[in-house]
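Both of the next two complexes hold chain A, though its partner changes from chain B to chain C.
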Partner chain A sequence: MTRPDEEAAVTGHFVRSYVITGGRRLPEADELSLHTLVTLAPDAELPLGASPEVREIWELCAGGYLAVAEVSAHLGLPVGVARLLLTDLFEQGHLLRRAAPPRAQLVDRETIEKVLHGLQTRYG
Partner chain B sequence: MTSLLQDPLLWVLLAVLLAAVFAVMKARRTNMALRRQNENLRSARDGLQGERNQLYTDYAALRTQHSDALAEVRQDAEAETKDVLKSAMRTLQVLADEQQHVIDKAQRKYGDDSEILADLMLVDHTNSQFSRRAQGIAVLCGGWLGRRETIASVYDVARSAQGRIKHFDRVRINSQVNVSVAPRAVEPVAVVLAELLANATNYSAPGTPVEINIQTVSTGVCLIVDDAGLGMSQEEKDRAAELLDPQGPVAITGLGNPPKFGFAVSGMLAARYGFKVSVDSVSPYGGVRAVILLPENLLTTNVPEPEESGATGHRHADGQSAVPGPTPVPDPEPMAQPQRLTSMATSAHHAAPARPVGTTAGGLPKRRRISSVSVVPFPVDADEAEREQPEPEHGGQVTAARISAFARGTQLGRNTPSTEGPEAQ
Partner chain C sequence: MDSKPVMDERGTTRSTPAGRNPGIYVSDAVTTTAKILVVGHFAVGKTTFIGSLSEITPLRTEEKMTEASTQVDDLRGAPDKVTTTVALDFGRLTLSDDLVLYLFGTPGQQRFMQLWEDMARGALGALILVDPARLADSFPVIDLVEKYGLEYAIAVNSFDPSAQFAQEEIREALDLLPDTPVEYCDARDQRSSGHALIALVRHLLTRVS
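Coming up: the complex of A and B.
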């Protein structure tokens, strides 16, 4: 703790998320789920006056496909906010997206537990 | 002669004469007595007058003494009030800051649910306004705002200020300036700008926009706030100018009830940190034009980190994505490798959360199989790939482990509120 006369550090995020979204309605998750993969369209050009967040997305997505969740984590923003920005870019035609890779086949919980148990008896 | 003596008239005359003499003598005596009395009275009066003058001086002296004492008491009371308020506000400031952290965390935790996130944003917005008020009162009481550790671009300072007022959605920011504000001035400038924005939005019609224009001038950078309100009268302008250029501590009791803190806070902060605030010009929209002039010594041309890492450490300050690829030095951590492959632009030297992946990767051999998930195509461009250092031996495995961990993590995260725990076991 700091002394009474000392200036304490403020550590909260400087620019609040509702300012980044401009108070707009957040999109639903249907279009861009957490593991939808996005990348820049080949001939996309950074829009003029792009916000720092959009620039960052631009740089993140320039290198290949990245999941929505990853974009959000890299930006350090809530998924919903990243999703709004991505939706904007998508609607402007700057982004390509593809569905998430198919899930690994789900094994029922019992089997997994058995395997885990077996491993634990063997190695644990 | 005898006849004369016997004349009664003579006697009468004589008697009258005697009476006259007697009367004159008596009158004279009375006169003298009166004169004496008059003199006595006069001297008494002079004495009294002197006494009165003395009393007057005494009274005046006492009066000054009294008013001095009163002023002193007032000053003491004000100082004491300020001290008390300052520490009370400090508590509130800390609480607001803590709450902001909690909200940050919650926003990240429930970020996938747009409804919850929208509600959290409302809470956040209210908290920011609350925090600004607490900061304002603290400043007037001689307290501190709280310091930022990192520089911030002028644009971000403007956006931060925007977030602290009620009608933030009416604010438009136009900036072509690529300058940053020094850490110590970041918070004060944001607070002052927020106060000016609050004034601008409060004293203009609900639907009208409020503009922030950021311009470079020869002595620094100008932040110009224009509103389309009614403007201020000359009297208001004079009062504002007085508050914006304070000659000493501002009496908080002199700010009206309900108090109008804005200009007083701005003036105090401007004086303390050495920038200028003025509201005496007219905006092109007819309202007030408020100008903050930041001198060179509060500015820096360094590029700010795209985000300041919060104390919670939840932000993966993935650093200089604004300056991509400045660190060709290979990261000693193999964990960083897949990260770099999937996102070239992110700086190489800073892997996102390595810990959970590290713990999960070591465990079950089954995870390796999920390497099929790594269909995530790597950048096709060969030039980018060759920029990479030679992959560590287990690059493929680690990639697979990481991506699979991530994939399961996101799935799990959607099913349970906990994001890590059970996975690592």
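Coming up: the complex of A and C.
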């Protein structure tokens, strides 16, 4: 990820990401993977002074579960930026997450069997 | 076809945000998500393949990458870094009441290391799309998939049914292990793409204890 002290090509897009994140380092993928599902916690209240991007995430995530990658795509935010804002909301207790994969790169047999069964039911 | 409606176990109703299609959300009953990478060189048909299978319009997201610049005339002695934006297309497939599969189209360039670490983490495996007329373009893609320890199958995307390449030729050209599946598919066709994915997942099952 680009650190503020690096000589990155400064484009409009880059500046926008930098402003949204306050120049903070983007979190590691371990914390919220692309296919982890997130939704707004019941009774969560929008923090005072929430940025426009946080408001957008709030509104989107109020509707149900979406993967981190989906939140990023629907709002047009780079994955790293969406992940940072979602991590903040999660740490503040505003967000629920589900189906977070194990940290280790473990592939479990049961999931593969279920995926195969599901695909065969559709296309077999 | 599994036409059973996906029920929300808790029977909760949610208000849909203004302007958002309620169909974009994953069912509340889903407890497991799985990820499979659809990998291949530029313009091999990754997004077409994902579009054929996805229940949602494929989505595009961007990841910003820091990569070493190709310039070697750096006087400070450290490689120059440039920031590049990589587009990722992905789709979603609800496979049962509680299981959703995400298909991530992943560019096969060696230089996107961070992206690859992110993509490979938690992936069940990779389907490598191959263009039979450009086999050499797939070498670095296969190297990359192997480097990240992902199990894979080859899907030969043949747009032109008259240009059939023998499986042995493709195996030999790509230097594949005997048990690596090679499937033919038309990425534009849902059923054909589904069969290629099934071949991969069958192979994955033989590789877990």
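Methods note: the second predicted complex is superposed on the first by the 84 of 124 C-alpha atoms of A that agree within 3 Å, B and C clash if a C-alpha of one lies under 4 Å from a C-alpha of the other, contacts with A are read in each partner's own complex, and residues count from 1 in each chain.
Note that a residue touches a chain if its C-beta (ideal position, glycine included) is under 8 Å from a C-beta of that chain, and two chains touch if they have at least 3 such contacts.
Here the structure is a predicted model, which means the values were calculated and not measured.
Judged by the touch definition given at the top, the superposed model places A:34 against both chain B and chain C.
By the touch criterion defined above, A:52 lies against chain B but remains apart from chain C after alignment on the C-alpha atoms of chain A. By the touch criterion defined above, A:79 lies against chain B and chain C together after alignment on the C-alpha atoms of chain A.
In the superposition on chain A, A:119 makes contact with both chain B and chain C. Once the two complexes are laid over each other on the shared chain, residue contacts for A:109 go to chain C alone; chain B is not touched.
Contacts of chain A with chain B, set against its contacts with chain C after fitting on chain A, overlap at residues 6-9, 13-14, 17, 29, 34-35, 37, 59-60, 62-67, 69-70, 72-74, 78-80, 82, 101, 115-116, 119.
Contact residues of chain B toward chain A in the complex are 87, 90, 93-94, 97, 100-101, 104, 107-108, 110-114, 117-118, 121-122, 124-125, 128, 144-149, 152-153, 155-156, 159-160, 162-163, 168-169, 186-187, 190, 306-311, 314-318, 321-322, 324, 341-346, 352-353, 364, 366, 370, 372-373, 375-380, 384, 404, 406-407, 410-411, 413-414.
Here chain A touches chain C in the complex through residues 1-2, 6-9, 13-14, 17, 29-30, 33-37, 59-60, 62-67, 69-70, 72-74, 78-80, 82, 98-99, 101-102, 105, 107-109, 111-124, going by the rule given at the top. Taken in their complex, chain A has these residues touching chain B: 4, 6-23, 25-29, 34-35, 37, 52, 55-56, 58-67, 69-70, 72-83, 101, 103-104, 115-116, 119.
Chain C meets chain A in the complex at residues 1-2, 14-18, 20, 22, 24-28, 30-36, 59-64, 66, 81-83, 85, 88, 90, 92-93, 95-96, 99-102, 104, 114, 117-122, 124-125, 149, 190-191, 194-195, 197-198, 201-202, 204-205, 208-209.
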